[in-house]
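Below are two complexes that have chain A in common, paired first with chain B and then with chain C.
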Partner chain A sequence: MTFLPFAIAAWLFAVGLYGIVTSRHLIHLVICLSVVQSSTYVLLLAIGYRTGAGAPIFAETPVGAPVVDPVVQALTLTDSVVAATVTALLLALAVQVHKKAGTFDPDELDILQG
Partner chain B sequence: MRTLLPLAVVIPFLAAALLLAAPQSWERRGFDAFAVAAAGSVVVISSVLLADSTRGPMVYWFGGWVPEDGVALGLAFVAEPIALTLVVLAAFLVAGSLVYSWHFFDTSGNLFHVLMLVFLGAIAGFCLTGDLFSLFVFFELMSVAAFSLAGYKVEEEGSLQGALNFAVTNSIGAFLILSGIALVYGRTGALNLAQIGESLAEAPVDGLVITAFVFLIAGLFVKAAIVPFHFWLPDTYAAAPTPVCVLFAGIFNGLGLYAIARVYWTMFDGVLGAELVTLRAIMVGAGAVTAILGAFMCWPQRHIKRLLAFSTVSHVGMFLIGVGLFSPAALAGAIIYLMTDGLVKGSLFLCAGILLHRFSSVDELGCDGKGRSIPYTGVLFLLGGLGLAGLPPFGTFVGRALIGEEAAHLGWPWVTYVMVAASVLTAAPVLRAGARVFWGWGPGADYDQRSEAEGDEEEPETTEARGTTPSLMWLSAAALLGASLAAGLVPDLSVRLEPAAELFLDRRAYADLVLRGVTPNEVPLPPGAPLTEGAVTGVIAALAATVAAGIGLWHAKLPASIRGGISRGLGPAFRGVRALHSGHVGDYVAWLTAGVAILGGLMAATLR
Partner chain C sequence: MSFTSRRNLFFAGVLGFAALFLWGLRGLPDFGRYEGVYGLTLNKVGVAQTHATNLVAAVAFDYRGFDTLGEEFILFAAVVGVAILLRAHRDEAATDDAKEKEDEGRSVPHTSDAVRVLGLGLIGPTVLLGLYVVVHGHLTPGGGFSGGVVLATAALLVYLAGEYVALRRVSPESLTELAESAGAGSYAVIGVFGLLAGQAFLTNVLPLGTTGHLNSSGTILLINLAVGVEVAGGFSFILAEFLEQTLLVRERV
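Coming up: the complex of A and B.
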């Protein structure tokens, strides 16, 4: 078991957050949010991984053969469905903001203050 | 009875799907009636279940996949009184705001109804589930419905930006939760809450458990809007459609705290139980900071919905104190407070919506004296302000007194002072705004004009004739307020929830119930003690709030030296804290990251 996938998950989380904090464009910001989310995919899949194990498809594998954990793969799948929903919604909001405010720059959206 | 349990989730989802499939050419009233009926049936079902669960909690396994040898493969719904209380509250609020929106939106179509029902179904699932991952899925479903509801007024800039800030920050919160779940699963190989608890309790605490705990708690803090994770809340609630605000302020944040209690008491109590004193200090500290900061931000607001949003932040801080004291009486107090305060806050938001409907503005100064033509709404609004202060017999005073007493028991008598101060500071601006708008008290023009969020830019949510206020609107506000008042009149309310809270806090009993089907021993109802002290405190708080509201209205009449002193002393602080609420989503995410770092640092340093 290597720590590399966990380090990558942490890196993706951090770099995505950095992107969101410094973003100057709402579309860029939404994509950065997807980067943060992809760190959770890496984390989930890394947790279920077993060295030398096959895919969890039991049709032709002999009984007792090692497979990777199918549960986390199911969780990742669910997670990506959630991601698609949230990203679509956010992109729609971003487009609508652009229609109304004429800008994609979060620095220029300042009507909610104080 | 057990088979009714999934219906609390199935009915709203099914109704939402049917509504979506119905031809759009239907009469609007048909959609309204159908949605109200669906929400109403959830109220009935969950009330019946609640009454039944006080005699003994129930577990429902989907598809009959019951656990074998303490290993759960299936999904369970666990019905116990605290979860069901929240479901009843949610369904009641959804039904109330659907009735209210009968005259509120003029747009035809049924998307609003569909989203509201999905929101309700997700809340019910979130409360009832006994499984960590489905907790997350219901959480996300609820959040996505909430994002769409918050941005429902797509033609309005504030609403869009509020929804954007809401969606981005809460999604990051959800990713934190998911990371925490992944780590917990990696350690235990289980997703059932009870089974995770048993597995975690076998090993001593280590870095992985603490990291997972921090991720879960931080993610739920975002949802509950605990300082410094709270920045999204005022932006969203100020700009969201009023019927949606009722749900947001009434229950949405409370669910984050419910999940903290649920996750801690089923999963982490076994492994972190020895560190309870430290955890208590962290939670109560965070709650107190939130209560004070939210209350502090209330005072300078003139946009009434934003004012109510900050009072929500403050009150969530108080509920966190109740949850974070980690004791049955305080938890019971937090649930009672959450429920009664949510009803009052919901009613206040509905009154603000009536202002918006009538005058197209929720600006305290812009509406100066205009509200004289709607006296009933005025009475409800001012009564709501007193309810926020915890004036008996509003149920709010019971919850606050229970939390305060329990904190004093544990050696922290200052908690009561913090909570009373926060209630006074949140109630006073509400009373001030109410007296100015509905009675025309106080001078209007020379009030602090620097206020930025003015509240008169908001577009009307209706285009109906403005001459009258449909009686359904103020009647639904009255119903919510009346429910809160009635809750305070329930005999021995203070001890009603205590057996349920005892059970909630018993990890072993929960695991036995879920994994082995052992019904826990019935906890007898303790004798009710009169909350004389709490009632007196409530009256004092209401008086103090009234006096403070008077000062807010007529501060121009104070001697110049006092006024100068106040503005020199508090002015920079107000400006500083308000500047932090920049409306910029990047800033909010930076604060969120800092919050996770602080929380993680504190826990890593103290939990060993």
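Coming up: the complex of A and C.
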């Protein structure tokens, strides 16, 4: 049994989460979150993969030829673009935090400010 | 919480995750042996039902069209959020001088001639590629999401090859805002077509055309275009907002 793709997904998730937990810089934290997100793409695509199958595009492939699962591909496609904008939103938040608190270190943000 | 205790908590959590993950893996088919009924059925009937040869687009904009509508509004909300956050910042920057000193000493990087020439040459092909990818989304790989991002890249090239003023001229704020919201709105409006025809929301009720032709697959083509407009507008908008921030810093130097 090949489990390498699943292991990579788990590894990306764990590494990204470790980065978030121990982060000392908000920008670093946002990028770590992107790493965690990309683990879900690897997992989804790995689940839908069929050995020797082509892409689910029938422009040239005849219907009935073995192709991979289109559902997980569609999920990954929409999510990767949405994730990019969410990353932009988080980076904008980081800019605001730096403006208000003068630091990017989440540990120094322990005082609640109104 | 201290650094060490946080890390220890992480390791405890990751052990739990590993246990659950391995347990979950045992229920999955082996890699490469996927036998999901939903996907396999779509692979057989999808092209005949939707007349779209790109099944990924058919799934995203027809079979799971409602789900993608939700994703689209996440995108919309995120872009609006960026605008709200960075605009508040811009206003306060005009009055607040206290933090200005931090930015002193940053220098503006000089754009080399090579970057300018290459950027200028790439703008045209990038716009063309973006339009191609958006318009052919129902036939070949691509579609509104990926094509929209390619189109927004052209705006970045304008900035790299020219100046911020040039970027503002080719993608004025009002236009990118309009594109973003009109794209998001027309997705929902296309969904109403189904209701008007007496069927469910987002039902593909338009004529499907000939499979493989540009003008085919009914609402999938229209939704692709709407998403392309929204993503291109949204990404150019985010880009311009962040560049405006950089410029604020530069002006003060």
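Simple rule for what comes next: the second predicted complex is superposed on the first by the 109 of 114 C-alpha atoms of A that agree within 3 Å, B and C clash if a C-alpha of one lies under 4 Å from a C-alpha of the other, contacts with A are read in each partner's own complex, and residues count from 1 in each chain.
We adopt the following convention: contacts are C-beta pairs under 8 Å (C-beta built on N, C-alpha and C of every residue); 3 or more make two chains touch, one makes a residue touch a chain.
Remember, it's a predicted structure, so these values are computed and weren't measured experimentally.
> Which holds for A:8: it touches chain B only (first), chain C only (second), both, or neither?
neither
> For A:68, using the defined touch cut-off, is the partner it touches chain B, chain C, both, or neither? Pick first, second, both or neither.
After superposing on A, A:68 lies in contact with chain C but is clear of chain B.
> Now for A:44: first (chain B), second (chain C), both, or neither, which partner does it touch?
first
> For A:106, select first, second, both or neither according to whether it touches chain B, chain C, the two together, or no partner.
A:106 contacts chain B only, not chain C.
> Counting residues of chain A touched by each partner, does chain B or chain C come out ahead?
C
> May I ask you to decide whether A:86 touches chain B, chain C, both, or neither, giving the answer as first, second, both or neither?
both
> Output check: A:26 vs chain B and chain C. Expected answer is one of first, second, both, neither. What do you get?
first
> By the touch definition at the top of the document, which applies to A:78: first (chain B), second (chain C), both, or neither?
Both partners.
> Quick check for you: in the superposed arrangement, does A:36 touch first (chain B), second (chain C), both or neither?
first
> Figure out whether A:59 sits in contact with chain B (first) or chain C (second), or with both, or with neither.
second
> Of the residues on chain A, which ones does chain B touch that chain C also touches?
Shared contact residues on chain A: 13, 17, 21-22, 47, 71-72, 75, 78-79, 82, 85-86, 89, 93, 96.
> What does chain B use to touch chain A in their complex?
Within the complex, chain B touches chain A at residues 133, 137, 140, 144, 147-148, 151, 154-158, 160-165, 167-168, 171-172, 174-175, 178-179, 181-183, 185-186, 191, 234-235, 238-239, 300-301, 451-453, 457, 578-579, 581-587, 589-590, 593.
> Contact residues on chain C for chain A in the complex?
The touching residues are 3, 6-7, 9-10, 13-14, 17-18, 21, 25, 28, 30-34, 36, 38-40, 42-44, 46-48, 53-60, 64, 68, 71-72, 74-75, 78-79, 81-82, 85-86, 88-89, 92-93, 99, 102, 139-141, 143, 145-146, 148-149, 212, 231, 234-235, 238, 241-242, 245.
> Mind pulling up the chain A residues that touch chain B in the complex?
Of all residues in chain A, those touching chain B are 9, 13, 17, 20-23, 26, 29, 33, 36-37, 39-40, 43-44, 47, 71-72, 75, 78-79, 82, 85-86, 89-90, 93-94, 96-97, 100-101, 106-107, 109-114.
> Note which residues of chain A are touching chain C in the complex, please.
On the chain A side, the touching residues are 1-6, 10, 13-14, 17-18, 21-22, 46-52, 55-59, 63-64, 67-75, 77-82, 84-86, 88-89, 91-93, 95-96, 99, 102.
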